[in-house]
Amino acid sequence: MTGNQREALIEVEGLRVEFKVRGGKPFVAVDGVSFRIFRGETFGLVGETGSGKTTIGRAIVRINPAAAGVIKFKGRRINGIIPKDLDREVTHKIQMIFQDPMASLNERAKVDYIVSEGLYNTRNYTDEQDRQAKVQKVLAEVGLLPEFATRFPHEFSGGQRQRIGVARALIMEPEFVIADEPISSLDVSIRAQVLNLLSELQKAKGLTYMFISHDLSVVRFIADRVAVIYKGQIVELAGTEDLFRSPLHPYTRSLLSAIPTPDPRVEREKTVMVYDPSCHDYSREAPHWAEIREGHFVLGNSLEMAQYRALLA
Amino acid sequence: MAEERVTGEGSAVPAARAAPAAQDEMLFTFAQYDEQAAERTGYSDYSYWGSTLRVFLKNKVAVALLVIIVTLLAFTVIQPILPGQKSPTRIYTDPGTGIQLRNQTPNREYWFGTNSIGQDLWSRIWSGTRTSLLIGIFVGIWEVFFGIAVGALWGYVRQLDLAITEIYNIINNIPTTILLMLLTYIMRPSFQTMVIAMCATGWLGMARFVRNQIIIIRDREYNLASRCLGTPTARIIMKNLLPYLVSVIVLRMALAIPGTIGWEVFLTYIGLGLPLHIPSLGNLVNEGRQAMMSPSLRYQLIFPAAVLSVITISFYVMGNAFSDAADPRNHF
Amino acid sequence: MSEPILSARDVVVKFSLRGQVLTAIREASLDLYEGESLAIVGESGCGKTVFTKTFIGMLDANGWVDSGSIMFEGKDLARFKTEREWLSIRGKKIATVFQDPMTALNPLRTIGMQIQEVLELHKGMSGVEAREHTVEILDQVGIRDPEVRYSHYPHEFSGGMRQRVVIAIAIACDPLILICDEPTTALDVTIQAQILELIRSLQRRLGLTLIYITHDLGVVANVADRVAVMYAGDIIEYGTAEEIFYNPQHPYTWALLSSLPQLGIKGKPLYSIKGTPPNLFSEIRGDAFAPRNPRALKIDFVERPPYFQVSPTHFARTWLLDPRAPKVEPPETIRAMQARYARRAV
């Protein structure tokens, strides 16, 4: 299962996203990020607040414009100005699940409208009956009762609302779904429900996910490959178990050491590594992004690369 | 172990107490697990408009004023067709002497008295209220539709922000009084002039207000979701943004009417109001002001001022009460 | 370990909302021993914050303690009626650290002043003395260059630093008990680890007794000596941290632990509970968790279970521990934990 044989659904090369700041230089949220997402996998993107992970997701769905770089979907560029039919295809095939179930649904609209909104836009149904049937089908797929369609969002719990959000994305029959911290705002026991739902749907429909999170333990459970992002740059990318077993970049290591484990004995004995960016000396040589082992990429200058290679040997 | 209070680490209440005797065995078997019932437990019977109405009705003052205003409005409409009403413009003369019945204090014939040239004040007041309210309603409706449309586009479509901001700034920086005076002077005072002039300046406040509100909610996640789904801008404004602004829009609408009447009174005061043959609250207040000094003639000011005050206060209070009621945070 | 320093018994807290009465806390009991760190775990709406608010008299205006007692230093806190009575307790003997440092600090005053004010008020210190003490406290909570940062405003600090300031204000008066209400939920993982370490070291150094409220079981494992699990306004299981993690007995605790992705096996679905917590407006008959429990017994819907003892320190409110109940196997992940515990205990 080497990378060459799998189809790259999404390719991001040198992506750079800036935000205008009043009276000054633009703030660079994402700086030169490159990665590929293969069909059928769950790609995890991990970082802390302000790291730029949400921005990357939003750039792919074309909510945030890219200042530089290329985003390709099935080989075709989708950032910047694109022809209308490609835009329609992107709306159809790439969907997003948002973080806060309390803010991501229109409070004044019924669930029926919320879920069908995408259908109305792409006119992807034959008649009213067909549309209703599609809504019912998708509600059942996410485990909601059919009578929920006539109600308003405030009548539902956080977990149910998040499932409505999933239904809304699912009804478009997408190929690629970006889940932006879909469970961070939910209670612990409800998280499991939503995670299970996402896994089931992936198996049933052959979806490809980009799972954005700050919670490494969730990502470890659900993702096939993980990218770690720090202040707008991806510092390490590897298969999940590979990353957890042999983390190379000091930021990755500090992140891993800080994950809380539900085991009192382990927790009491652990020591937390603090990441200090000044441990890198990039004054003489800027860091570059390289594949240090098959499927395992790291950001560093030649000196650090040599060190990492020594570690893996 | 049964009944004693255990002290020490993790003190407890008594452990197994005397348990239900007879149906023991049956009770300790598994119960039917209804998965769907578990799914249903979250239902709350909350309706936004229902709660808004409930909160509004709790405000006794607002409800009272609402009743008063509705009665007043109804009366201005039916007053002309009631029996025994006089014409507001006709000058009444004493049938015997032929002298104009000027400055008659309120009596049985002329309920509100007459003004300085013998016109019946009662019918003038109601006619004047009708005119002023009509101007207020026209301007109010224009303010709402045009103001909201401009404000929504201004706030939501980033490319228009600069252009509309400049237009707004230009118009806004000219004092409204001067603008109104200029327009009425150019177009000559008349009913249409009043309406057009006030429409030209009235939409600014609403547009700005709506724009600010939209900027606040524009980037909320549910709007981003709609963009992701490809929803066109018009539908986002209509279905996602405006429903949230209903309460503030109604408030501004309610305040538009007394505001317009206020401007009309002011313009009349400086002589640029409606022509004298069209009674309006502005004209009436102006006439009354001229008669104000002599105590016996003060009624000519008191009556139109009272009507004007009732209208203004009612709309302000009701508008605010409704706006508060429509705020979900006040819903219980 | 002798007498508890705080002892809550059968506390019932009610709220008046939309014309109806909601019972937020249903006869909850808790003991707190000196120097320990007790975690109260539960999901949103279970009442953990409300319960601790009764200890400092900070229930919302539409809430009240209906019955029960909260004994602290010989006084019953549940009986306090006036603000004056609370002044000697709140901030002085029992201090709180809240979740959001941004709203807990006054943006218009320097952080130094906010700490100093507490000292002047509760400890009657004079200006100079208070200032010196403040700088010392800032140093204790790990803020570098405390002399300089004394005159900085809250917005000049990062999230983690702000939380340190809030902790500084809380410990300024040498309180006996420190209640931490989800202090790290809004922080990043790495900052969270540092704050937890800070709290632990402060506890050791100052001999604080800690009540830690959280929904994050990883945090509980890090901080707590004892754990109380709360559901629908009731404490349904409590014991030492090891007992709760390695040998949980209540189906809800099982569900909570097994739904953690850390304990999940990749490729297999996580154990999850259906449904939502019960409506607290209506009266709850029997075990509150029963409708969501696939292994509920009929008696769970009839009568509320009493506490059953699992060990001198471990109690759980579930009919499954009754000798007459059928044997129920906990989920796989729990069984694995139990096996590990048994091995280590030996």
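Letters are used for the chains, namely A, B and C, taken in the order the chains are written, and counting of residues starts over at 1 for each.
Operating definition for what follows: a residue touches a chain if its C-beta (ideal position, glycine included) is under 8 Å from a C-beta of that chain, and two chains touch if they have at least 3 such contacts.
Remember, predicted model here, so these are calculated numbers, not experimental data.
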Graph class of chain-chain contacts, one of line, ring, star, complete, other: complete
Taking each chain's C-alpha mean as its centre, the one farthest from subunit C: B
More contacts between chains, B-C or A-B: B-C
Centre-of-Cα separation between subunit C and subunit A, whole angstrom: 32
Subunit A-subunit B separation of Cα centroids, rounded to whole Å: 46
Length of the line joining the C-alpha centres of subunit B and subunit C, rounded to whole Å: 47
Of all residues in subunit A, the ones touching two or more other chains: 157, 160
Residues of subunit C whose C-beta touches two or more other chains: 274, 276
Residues of subunit B touching at least two other chains: 39-40, 42
Complex interface listing, subunit B residues touching subunit C: 1, 6-17, 19-20, 24-31, 33-35, 37-42, 332
Contact set on subunit A toward subunit B in their complex: 58, 61, 63, 87-88, 91, 95-96, 98-100, 103-109, 113, 117-118, 120-122, 143-145, 152, 154-157, 160, 165, 168, 172
In the complex with subunit B, residue positions of subunit C that touch it: 1-4, 17-19, 29, 31, 33, 226, 238-240, 274-279, 290-303, 306-309, 312-315, 319, 322-326
Subunit A partner contacts - residues on subunit B that touch it in the complex: 36, 39-40, 42-44, 46, 48, 220-222, 224-232, 239-240, 243-244
For the subunit A and subunit C complex, residues of the former touching the latter: 48-49, 157, 159-160, 187-193, 195-196, 199-200, 214-218, 220-222, 254-255, 257-268, 272, 274-275
